[in-house]
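In order of appearance the chains are A, B, C, D and E, and numbering begins at 1 in each one.
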């Protein structure tokens, strides 16, 4: 890495603005707004304005932050920020089709583990708040995590096998490039079950409606978030929105990667911008299919049913895909 | 250069320390501690001085006891041979010994018979150090035996505490069955080859297996597997780690079961050279996968801090065995790296458990809670350990688990065997479950509400915190600079494991290997995917600081941060309790994860039935597994 | 002559068979007997079986096998002269056996002392009742 | 600028925490009705929060039985500032038909400052919307007062 | 589609939302909705029926003596009302109406109190019945809010308890024969009754010295013009021989 001024500025730009912080935050909150709007429309409601997540975020910034008596102050306040940081850094690993911060080489396993950081931050923060409701909430969050991790890893392995063949390939950049030349993975029949499984994994990862057992506000008073108020809560809400974007972007890269306009209009900033727009459009569709639609038509799972669902139906779909890919389909 | 004497001096220092403790340290606490510390420091220094010649310059030290060098191609004397693999484990051993010795000073100060403690401790240390550096299989057996019965003694050290003697007895029975199998294997091997030297055995056995050597392989494999406590031999380990003093639990998980792992690697890679055989790979990976899965699920069901850690030790050894059993260079690197990391983080966690036990008098997760307010330093160390073992970036557990996944999946795609793909999946799921059970400990012991009983618990003393800090730093450091670790420790060790001819030549004289027709199977260098923890961490720290300042400072337009300074129990700062007056109510260990446990009810019932606590059953598992290994060996090994 | 030799070969195998039988007996004792003392005895029996095996491995039935008191040059010289490499009892297994016996004795002593402690604490030597640590 | 944005958002995103202090459930179901497609209070950013820590507006229904009085006070104390208290229906304001009962602490104003009172027995969802909207405006004013 | 919810959701996505545009457009209440109370004090006769039937005691009255009569104020506390409408049903004068205005939202509690007052001229006399024309139908008794009237048809008796009567005039309006009326009040004064022992305490207590007692002649006289009807004499009479009452001129 060349630490000249221009280079440093470029890196700073990448971290803070384009694939990094600002882009993720803006698109994440945008997707969250779209999700709420779509759910409302599907329930025959008008729904909040698209800016609503922004209002929520800003409002929470303006509220008091109360650190409860039983809480461990340092951990309690640091936890949301750790999750936020993890997400921002993770965003740098996800390429916007061709364009990414770290030379297009996001590693799938690294991503898988970075994805756990926000969840762990939520868990540790909830645990540090000292509330018994949070205790139940973190238990559920953890079980949810155990549930979706199994299908997720099988999906990633199927994709890796499809792209890498008989070589080890965990690089997201490589997966995108492969799709650029061989067509989107979504159109390979062997990976369709995996794609469906991934659509079901996203809502659990983000924690939206039928899979939000951890934050069930009607049962366990928002679970881990119970004692949070003010800015830390705002950051947690922001984390959820960012996760929404990151998961859908990951989906896009895994199954619809390589849709680059650079070949049509020539490489350069317009092509990157156009790519970003296309990516956001795909993200909206994925948000609709995986989060809004499921949210609108289902009621919350019980935790044991959630676990069973993921380890049988979703993992079964993913494993089917893995087996199909393995034997050369 | 005189460093060829260092290995032997290091081992003998520890044994001499044990002897001197008996002679001089009976009555004086200071003398005892001094002898233990001095012996550990000396051996640490001696081993550390070997890093330069062995690891960096690539030399292999061979040392013949009484200068009884091999004649006419027959090695009759006992030889010490320190290659990179041995030194790698020796480094783990001496680090563990040193830190444990420092920790012990304050930890066991209230116990009686401390002189026996130090005698046994130093003998255990010396035996394990001797085991990883010896070049003689029978010497290895003797070291295993010394290790076993000193370990038993230390397990039952606090013999009035709950179940300590029982654990010691089970450990002894299972351990001695394992030793017997090892000895039986050695005897069969000797009957076939008439030598006990590893290098010579390796040269003789290369591509030259008779039924007798297969039998020997099966028996020695079982014996060493018992020593590394993989499933189904893990039962006494869980008990022993629970009841032993924490400084000793750390030694157990840090080096005693590593000794077994070392023995298995030595056996498979060097002595029998069965690395190339897919059936052996399948056998080991199968054992490893089952181990990591059963270990972690049992850990999820535990209510005792140390017992939970014990089952995690078993589970993590499963990772090591799985990775090493893949028999690729990437796999072995992953295995060794994970072994090293396991020593660091599990030692750290056991030390934290010890600090908790010393301060609160219990390790029952249902009785603890909220300790982070009283023991913040221990909590910090625990969190580092817990995140390391759960494999969160950028801690070391992540780096090694990541290598394990890569290795397993590389094996899967290169061989086209879907079994290894499912091994990878299991490894990832086990990792998540590990995280789950450490979340359980975090919630049950360190966060949540502080029970009134523990309101004036005190932080562990500085001398106990010191090893914890060191290990925490090592956990973070090896995670971030894992490429350096790979370059200076893992790569030489892996090369040593694969380049057997070098090993044989150094021991038996140049040209011996070639004469015996030994070929190296060293695979290409493992390649890593892109993961740069340094940049990542720098980014993380920068963004974290910025965001933290933005969120937490109560300047300007944002809402204030109010925290309870006065200590009022009720009102604004009380925990929300549905409006009720906040009662001390803590979600303890056994209450967590019931949603998961109900789904796995049948499994847990069976598992609890199997871990019956009856020593006969445990012996039965050992014998049955040994039978399985023997049958498998004869059926599939060619 | 052939008969006798075969018989002697068979006789030679007796100690191997016996050692295996001893090991199996020992393991059987450990697995089935519910009395702690019997379990310790089983461990001892396994040890004896293995010791027998090691000694047998070292035993050489060829003619002229004597106690192994030679130095290397004598040994090599004779080997070169006669072309027979193995004509004395292998000393190494005996050393091994001795060591093994000592270790076995240590282990048994340790086990018995633990049994005494266990009996004091649990007031029983039945393995079915000594299971505080389980699950 | 941020201050103004926050104050504006304060009105656009009020989260509600509902406390039932012995209500007959009439007002409670009307409050829930506000979130149904027909009335859809989410248009204005209203959302039911699960815990007082997240709440901006606390809605009280019921005649404050003596059992619930302490709980009410405690829960209200846990709501971070700026906050608004809205009473739903007649009961919290006066005790309604339970007035004078030995177990009713009726006028909630005796121990809690009420910002907005919505009358009705039960209240009509439209009235709830209007009342909550008014409360949201008060929130914004409170936040602006904090800015100064 | 297999999933009915899925079908419903996708249908809704492309159809108009069923949300009412309430704050933007007014939403009239449904017929017979009982909302904010409107009170017409001019119609009110101060019978108090509403107060009597109000279960949460949301209605309070204030009576103030002003020049030219009593100022009667009715307060309807909407924060206490159950909107049952019973007061409306019982108000014969239709002075109370529950309107369909449901937006009863206020920051101050005072804004939610409906009040009205009127000045009621003073009624002079007591309720009397022209028993000659009375048919003893009992309507007056039935409609009396204070149950002050008792009518017995069998014995043809009509009695009124003047202490209970609040002079609302309801009975007068209900009377089919128009025989009830408020008579001119008879002049009141101290009445000399049986049992006097001529102790003279009354004379001593009288603030205006209107009473003269002569023990010797056993005579008791009162100067009606001076008497202010304070009742001190009645109160202090040891033999309870004095009382207040109508006096025949």
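Just so it is clear, contacts are C-beta pairs under 8 Å (C-beta built on N, C-alpha and C of every residue); 3 or more make two chains touch, one makes a residue touch a chain.
Please read these numbers as outputs of a predicted model, since none were measured by experiment.
Under the touch definition stated at the top, chain C and chain D share these contacting partners: B.
Here the chain at the heart of the structure, going by C-alpha means, is A.
Chain centres computed from CA atoms place E at the largest separation from chain C. Of all chain pairs, the one linked by the most C-beta contacts is A-B. Centroids built from CA atoms put chain E at 116 Å from chain C. Averaged Cα coordinates give chain B a centre that lies 93 Å from the centre of chain E.
For this pair, chain A with chain D, the centres built from the Cα atoms lie 35 Å apart.
Measuring from the averaged C-alpha position of chain B to that of chain D gives a distance of 57 Å. Shared contact sites, meaning residues of chain E that touch two or more other chains, fall at 17-19.
Residue numbers of chain D whose C-beta contacts span two or more other chains: 2, 6, 37, 40, 43, 51, 53, 78, 80-81.
Residue numbers of chain B whose C-beta contacts span two or more other chains: 557-559, 572, 574, 576, 578.
Of all possible chain pairs, the ones that touch are A-B, A-D, A-E, B-C, B-D, D-E. Note for the complex: chain A touches chain E at residues 38, 40-47, 293, 296-298. For chain C in complex with chain B, the residues that touch the partner chain are 23, 27, 30-34, 36, 39, 43, 46-47, 50, 53-54, 57, 72, 76, 90, 92-93, 96, 99-100, 103, 106-107, 110-111, 114-115, 117-118, 121-122, 127-128, 130-135. If you check the complex, the residues on chain A that touch chain B are 1, 15, 21, 61-70, 72-73, 75, 77-78, 80-82, 84-86, 88-89, 92, 102-103, 105-107, 109-110, 112-114, 116-117, 120, 123-124, 127-136, 138-140, 142-143, 145-146, 149-150, 153-154, 157, 160-161, 164-168, 170-171, 213, 221, 226-227, 230-232, 234-235, 302-304, 306-308, 311, 322-323, 326. Those residues of chain D that touch chain B in the complex are listed here as 2-3, 6, 19, 51-53, 68, 70-72, 74-75, 77-78, 80-81, 147. Per the touch definition, chain E reaches chain D in the complex via residues 17-20, 22-23, 27, 29, 33, 35, 55-58, 77-83, 102-107, 109, 112.
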